[in-house]
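There are two complexes below, and they share chain A, which is joined by chain B in the first and by chain C in the second.
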Partner chain A sequence: MPTDTKRVRGPEASQSPSLFLCKPATVLPSRGPRADGRQRDQVDVRPVFVRCGLVSQAKGSAYIEAGNTKLMCCVYGPRETERKDETDMKCGRLIADMRFAPFSCRERGSWIQGSQEKDLSLMLHESLQPAVCLHKYPRSQIEVNVMVLENSGSILAHAVTCASLALADAGIEMYDLVLGCSMRQDGTSYMVDPSYVEESGCSDNQGGLTVAFLPSLNQISGLQSDGEMAEETLTAGVRTCIEGCYKLYPVIQQALSKAVRRAAPPPPES
Partner chain B sequence: MATVQVSEAEKVYILHGIRDDLRVDGRGCEDYRHMEIETDVVSNTDGSAKVTLGHTAVLVGIKADIGKPRPGVPNEGYLEFFVDCSANATPEFEGRGGEELGTELSNTLYKVFNNKHSVDLKSLCISAGEHCWVLYVDVLLLQCDGNLYDAISVAIKAALFNTKIPKVHISADEEGGKEIELSDDPYDCMRLDVENVPCIVTLCKVGHRHVVDVTLQEKACSVASLIISVTHTGTVTCTRKVGGGSLDPESIFEMTEAGKRVGKALHAPLMKLLQQEESLGKTRQKVGFLG
Partner chain C sequence: MLCHNKCKIVFRLEQRCATCTPNSISYVRLFSNASLASPSYLCPGDKLCSAENCIPGTGVYLRHGYVYSSLAGYVLKKNEGEKLPVISVVRETEVQLLPDVGAIVTCKVTSINPRFAKVHILYVGSTPLKDRFRGTIRKEDVRATEKDKVETYKSFRPGDIVLAKVISLGDVQSNYLLTTAENELGVVVAHSGAGAQMVPINWCEMQCPRTHSKEFRKVARVQPEYLQA
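And then the complex of A and B:
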């Protein structure tokens, strides 16, 4: 394992105090309303706060907050490809990177990219690639960096939304915005946009699903599920997530048009 | 994944053929290539299997080690997956070239097995909170001709079936601590129940149809694929869309249904074959790597 000499790490054998709790963590009931008052079996996404153009140095940036989940994304590019041997003459490259701040999850993470982060970066890349017009940027690369500030559930879904907003804010040509939505199947009921506690429950017939969707083109650009689910549940879950994306669409559009108006105010009527 | 360059004319040829349910090698859209499975090929492992699917060859070795259980689950063992893309398969994998593909494959395997029923982890526990069996599943790609996920999942299922974990006895030693003793009889071992181990089916979208078990040429004509892992009862444990293209929701529904059908049909013949091979015992003819 490569050691990170630039940061002071905790002792090797340290453990999170949550392992030493006297009473076990409360198991969420499978019936009844969810902890934060939202409903089960309904497309009830958390209200979302989005803002573009926060980072002045980046070409485009976006910040998203949904419940306690906080993410920010910066886009740099189109720039010259760093590795000359991988320069593609016909289309550009999209590089997506997703990182967690060490304080973002319940247990302290490390600054070195673990396999979970690499996997999420790959999913992010696969979700964004169909939407970006890479053939318009030959021999260039566009970098998308997502930083998770607080992980309170559904991070991949919100990362996809945040990244596509940042790409739009940077003026990168895209076919459509990419919106993400995730859901958690718990026995026979489902919960849309689960929080961290809801995601980490463990029982029979539990599974999670994240969908990245292009609303105007009606195409799915990213799909990932794990846990055990029947095939009908999976199909119904995909439909639910698509509905969740449609619910999110007007908010994202509004935030984007506000940002554009702020950056380039319309000429005064005269 | 290793790639081949395919000309536009060849792409059109493959596309038109698939549209009429006839692939280049004569298969239908949901047919697999000729698959050969052999278990117990490497004697130093606790379980091993080699699968050849067309020109794709995968070798899986499982070693059981005694380790400490994970903090959150003290009465369960666990599995660790590692996929190594050997430079023998294609020169692109030389050095660190195959690392990206290897990480992608192992992360998917973690997700596929990330549920309670695939492998009975409680049977891997020796003493709660202190000792448990850790199964290191190491996958080696020998030859790469498309459809790595399917070959790897079948090989893992066969290798887990073949795994013989030695039985241990825990006794208290002089100072009151626990001592682990391995039984002296090399044939006194525990086997794993692999009924619920899922198999992965990769479906590629080529034109308007989806295709199972693609070769590298057919892969070059598709923009997106769906990986779906199915158990013998039809439960889906993991799905993932791979590739740089997008898919219609209707295609995804069609592909999941086809994947479930194909995956479910894969398990019964596989188990029968494995049990048949096991029952041959010493009379089995070992084919090995030069067959």
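And then the complex of A and C:
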């Protein structure tokens, strides 16, 4: 029989692909306190440092630090739309873009957007869109660019917070601030605001959840989950994340007040 | 006062979440009380007051009978002689404006065409725009009389500063549609071929002070109070 040159024959005996997965260097214990001293099964978010108005060329900007995670966001707009759609005539368009700096992760990345960045940008856009009053900006586009300077866990959650702060700093009308919080379910216990090491475990019965929440309107604008999670843990996890968002709320409000005070003095009493 | 949650954050006002279930931990929300005498800094989503007590102005939105802030800024309450005060949230003294229908805009002509003139909108009213928006002045919108006999070459030239009014936001293909079909609208500043700023003679001609040559433009009759000596 003539040899079939067009097909690539697989090996005779097949093996499970999990044999070839590289095991993580450090396997975290699923009991006991977390590496940075925070508690499991409690809403223990990392203390957050927030500052608005650091980029002078952008209309609005914000910087957030949570533990070692560092993110900055710039907002430009409203500008004239480049592409014209039917929908642009009535309300504006929001363009969200999230990038990793090459030095942000353990391994050096590239400046070109990868698939993970495109996914995160889409989720960021989905979380921010309900909060911005786009009908007040017809024929315009508002650009939100987030740059991750150091990835140490729960970047999507902090990106959402940072982006909504930058939008408020830019004077874009919004229905409410959007706060993000994420958690990681590890077997039976959960950890809120996981760090990079805690996020990248790949054992069974592990799942992660990120929630984007509007605190004053009490609405959820974005929900992202991966891994394995039972239905009850998912609903309990959403409540946990909402609680984490409420913990962040006063810090964000204070940072905005400082930015407003720095930008302009109060108007004279009429 | 201290919140009764596990976290030890201090709040100004304590409020029980209206939708929290009895079994879960109560959520404490920070309410910014905007009726205080000192200037209070607001965040988007802060509840200002009930819609019965005030009329919403700029920078606020109505929801479920309450007025909420949509900007991060200061609250301004103005009593304009009506029964209810107008409440608005301002960030800076000048508000970011977008060209709206009926607004008088200052624009610069970029190119002309027998059918229309393309312009860049620079100012809306008296506030400068940070980014330029594009607009179009069609041939039939240049002046009110004898619309079909208009020649754009005799009304505008590239580089002229023109006062125009927005008639529509335009459809998918076009830019903002502007009109100069009023006495007060039209060319305000123009430079002659020699490079000097021209002086208006009548509504359709301008003269260069250096070469004394006349050029055709659709001149705006600026009100005397806006002219500087």
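List of remarks:
Just so it is clear, the second predicted complex is superposed on the first by the 238 of 270 C-alpha atoms of A that agree within 3 Å, B and C clash if a C-alpha of one lies under 4 Å from a C-alpha of the other, contacts with A are read in each partner's own complex, and residues count from 1 in each chain.
Note that a residue touches a chain if its C-beta (ideal position, glycine included) is under 8 Å from a C-beta of that chain, and two chains touch if they have at least 3 such contacts.
Everything numeric in this text was worked out from a predicted model, so none of it was measured.
Considering which of chain B and chain C touches more of chain A, the answer is C.
Looking at the shared chain after the overlay, A:K118 reaches chain B, while chain C stays out of its contact range.
When both complexes are overlaid on chain A, the residue A:G180 reaches neither chain B nor chain C.
In the superposition on chain A, contact of A:Y246 is made with chain C only, not with chain B. When the two complexes are overlaid on their common chain A, residue A:G53 makes contact with neither chain B nor chain C. When the shared chain is aligned, chain B comes close enough to touch A:E126, but chain C does not. By the touch criterion defined above, A:R79 lies against chain C but remains apart from chain B after alignment on the C-alpha atoms of chain A.
By the touch criterion stated above, A:R261 is placed in contact with chain C alone, chain B being left untouched. In the superposition on chain A, A:G67 makes contact with neither chain B nor chain C. By the document's definition of touching, of the two partners only chain B reaches A:L234; chain C does not. Shared contact residues of chain A, touching chain B in one structure and chain C in the other: 131, 214, 217-218, 239, 242. Of all residues in chain A, those touching chain B in their complex are 15, 19, 115-116, 118-119, 122-123, 126, 129-131, 202, 204, 207, 214, 217-231, 234-235, 238-239, 242. Only residues 71-72, 103-104, 106-107, 110-112, 114-117, 224, 226, 231, 234-249, 252-253, 256-257, 260 of chain B touch chain A when the two sit together in their complex. Residues of chain C touching chain A in their complex: 6-7, 9, 11, 17-19, 24-25, 27-30, 32, 39, 41, 43-47, 59, 61, 63, 68, 70-74, 76-79, 90-93, 96, 98, 130-134, 169-173, 176. Listed in rising order, the residues of chain A touching chain C in the complex are 42-43, 59, 77-80, 84-86, 88-89, 131, 133, 137-140, 168-169, 171, 173-177, 214-218, 239, 242-243, 246-247, 249-250, 252-253, 256-257, 259-261, 263-264, 266-267, 270.
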